[in-house]
Amino acid sequence: MTTKKFMFVNRKAPYGTVYALESLEVVLITAAFDQDVSLVFMDDGVYQLKKGQQTKGIEHKNFSPTYRALEGYDIEKLYVDRESMTARSLTEDDLLVPVTVLSRDQLTSLFEEQDVVLSF
Amino acid sequence: MTTKKFMFVNRKAPYGTVYALESLEVVLITAAFDQDVSLVFMDDGVYQLKKGQQTKGIEHKNFSPTYRALEGYDIEKLYVDRESMTARSLTEDDLLVPVTVLSRDQLTSLFEEQDVVLSF
Amino acid sequence: MKFGIMVNEGPYQHQASDTAYQFCRAAIARGHTVQRVFFYHDGVNNASRLTEPPQDDRNVVQRWSKLAEEHGVDLVVCVAAALRRGIKDENLAPGFRISGLGQLVEVGIQADRLVVFGD
Amino acid sequence: MKFGIMVNEGPYQHQASDTAYQFCRAAIARGHTVQRVFFYHDGVNNASRLTEPPQDDRNVVQRWSKLAEEHGVDLVVCVAAALRRGIKDENLAPGFRISGLGQLVEVGIQADRLVVFGD
Amino acid sequence: MLHIINKSSLERGSLDSCLELIGTGTLLLIEDAVYAATRGHASSGKLSEIAAKRNVFVLVPDCEARGVADRLIEGVKAVDYGGFVDLVAENPNCHSWL
Amino acid sequence: MLHIINKSSLERGSLDSCLELIGTGTLLLIEDAVYAATRGHASSGKLSEIAAKRNVFVLVPDCEARGVADRLIEGVKAVDYGGFVDLVAENPNCHSWL
């Protein structure tokens, strides 16, 4: 089967809307099709990776452990926008998983080399 | 029946979402209940009143003539936020109906004297 | 105190319906009355009896139905908004009823506070 | 050229479904192929055969069904998203079918372009 | 008046618009709006200013869900859903900035 | 790359985020995003700057619906739905900034 470069751009915070959760479902399926999968977290999307999410009070399913499981599906290209982290005072220590922090210029290049870009 | 002060705050552009259209439906019903109705247009909501809307190309119903019909339902308190107009380079001449343009301080007072405030 | 509640977004896509539900439960626990929850815009989709969320997630529709059953909360779905979106008696969950926008205005007049939850 | 389309919002609440539909029609008019429209998130609500918009407004669901009938466009509703929101075979409009997320990935691989419409 | 904000201040304009009109009102941040009240966040400065003059509340279950309950700025008060109900009851009217 | 924006630049951050990453790409404004390309709009200045260097398009039916087709800034090109299709076809890939 053809292998294409799929990039998933996560720009929304978790729980306020369903996009982060349902995006993860697409990511897992795409990996199962042996595609080249990249995840980008920018703007409020960086909050998806925040450690310490406790969803009992809002009675939502806490899906943040799934990010830790991505490695098991060979999804290892996790990119985070540096400026989005800074505007939210987040550091790599605040995140659930190891990520590659990119500048805006690096992100621009990454976008341009993709075949399919899905934004959630 | 009790008369209360109902204020409808319109902050969204028309057509991109349904809120402007469905908000108008609530406004008309509220007037039919003989309540004291005020409409505020601020942020992108001021675009709801823009003259010259032609929706054939997007195949939506053009509901902007309804604003002209409000007077017939005795809905005459239409307020527009001055700063929102300025940021969008709109003047009263651009609008479908006569409105009262208010400063932020005047709007603040108006909000505080309401019984029920509905935002769309 | 008597509360009216308005819900403007459907289940799951936005947190609005969740927060509205938690607000209602807390209000009842405080001894207040939730006179009516009015579902407008995509909020009408909260009334679909056909939803089947995953086992490990909350069931938004059932929670509303249970609130109606246990506390007599009047769950009203706007008929015009519901027709636009395909909510009818045939797929209406228990505890909900379909009626006009007048029900929203009425609760706005009668309740001490009307609280809106949306996007 | 072969296009895949993804629609992430329901009918009427957002313009996404309208723009996606106009895009499909224009693509077909240009001689392109729309291989599949995949409905995800609240987009699954585009598949409800129960919607009844006012007479003077467009009928979003029927337009999609007609596109499928006249141009053989494959309209696929994500099963997981549809179960969460109450779209099932019993309220599914003509021309739509319910299937898995794999159908989205497949069209992403096979089509020359995948275009997303949402909020 | 109780002003209720549920959107991220970096994604939407509702917090900024609200702060222009807050007058003597009270502010409650819920859902994605709670991030604005976290230390070092781009909006935290303006929230601190407001919190020095007005009552500013955040909904704790939403902070916990997002993993930010331990990094709220000074001067912001925490409430649960019951506290949310009390705020609505105590204030003469309320406005959800949708 | 074709960048597609459908949100008002005064309500959401998607135009600003996109402009940071536009590189050598092309920009298409649809739905509520078209307002940004109108004369005197708070975002029109930055759009003019981009339009001097890159291709910037607006979707005409969306401009007409909103009553702003006659006040587009210089340098922005108008397309209909067919032109939208052509832009997607001509560019190697596309990104809808949702």
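As written, the chains take the letters A, B, C, D, E and F, and residue 1 is the first residue of each chain.
Here, contacts are C-beta pairs under 8 Å (C-beta built on N, C-alpha and C of every residue); 3 or more make two chains touch, one makes a residue touch a chain.
Since the structure is predicted, the reported quantities are computational estimates derived from the model, not experimental observations.
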| query | Listed by label, which chains are in contact with chain B and with chain C? | reply | D, E
| message | Of the pairs C-E and B-F, which shows more C-beta pairs in contact? | response | B-F
| query | Would the interface of chain C with chain D count as same or different, where same needs over half of all numbers used to appear in both copies? | reply | same
| If you average the CA atoms of chain D and of chain E, how far apart do the two points sit, in angstrom? | 38
| remark: chain A and chain D have mean C-alpha positions lying a whole-number Å distance apart equal to 26
| query | Taking each chain's centre as its mean C-alpha position, how far apart are chain B and chain D in Å? | reply | 33
| message | Multi-chain contacts only, two chains or more: what residues does chain D have there? | response | 12-13, 15, 19, 22, 41, 54, 80, 116, 118
| task | Please list all residues of chain F that touch 2 or more other chains. | result | 6, 10-11, 13, 31-32, 61, 80, 93-94, 96, 98
| task | Find every residue in chain B that makes contact with two or more other chains and list them. | result | 15-19, 43, 58, 60, 116, 119
| remark: So the touching chain pairs work out to A-C, A-D, A-E, A-F, B-C, B-D, B-E, B-F, C-D, C-E, D-F, E-F
| remark: In the complex, the residues of chain A that touch chain D are 1-2, 4, 6, 18-19, 22, 25-26, 29-30, 32-33, 35, 116, 118-119
| request: Would you mind writing out the residues of chain C in touch with chain D in their complex? | output: 10-13, 41-42, 45, 48-54, 61, 80, 83-88, 90-91
| remark: Counting only contacts in the complex, chain F reaches chain B at residues 6-8, 10-11, 31-32, 35, 38-42, 44, 60-62, 64-70, 80
| In the complex with chain C, residue positions of chain E that touch it | 4, 6, 30-32, 61, 80-82, 84-86, 88-89, 93-94, 96, 98
| said: Applying the document's contact rule, which stretches of chain D touch chain A when the two form their complex? | reply: 6, 40-41, 80-81, 100-102, 104-106, 108-110, 114, 116, 118
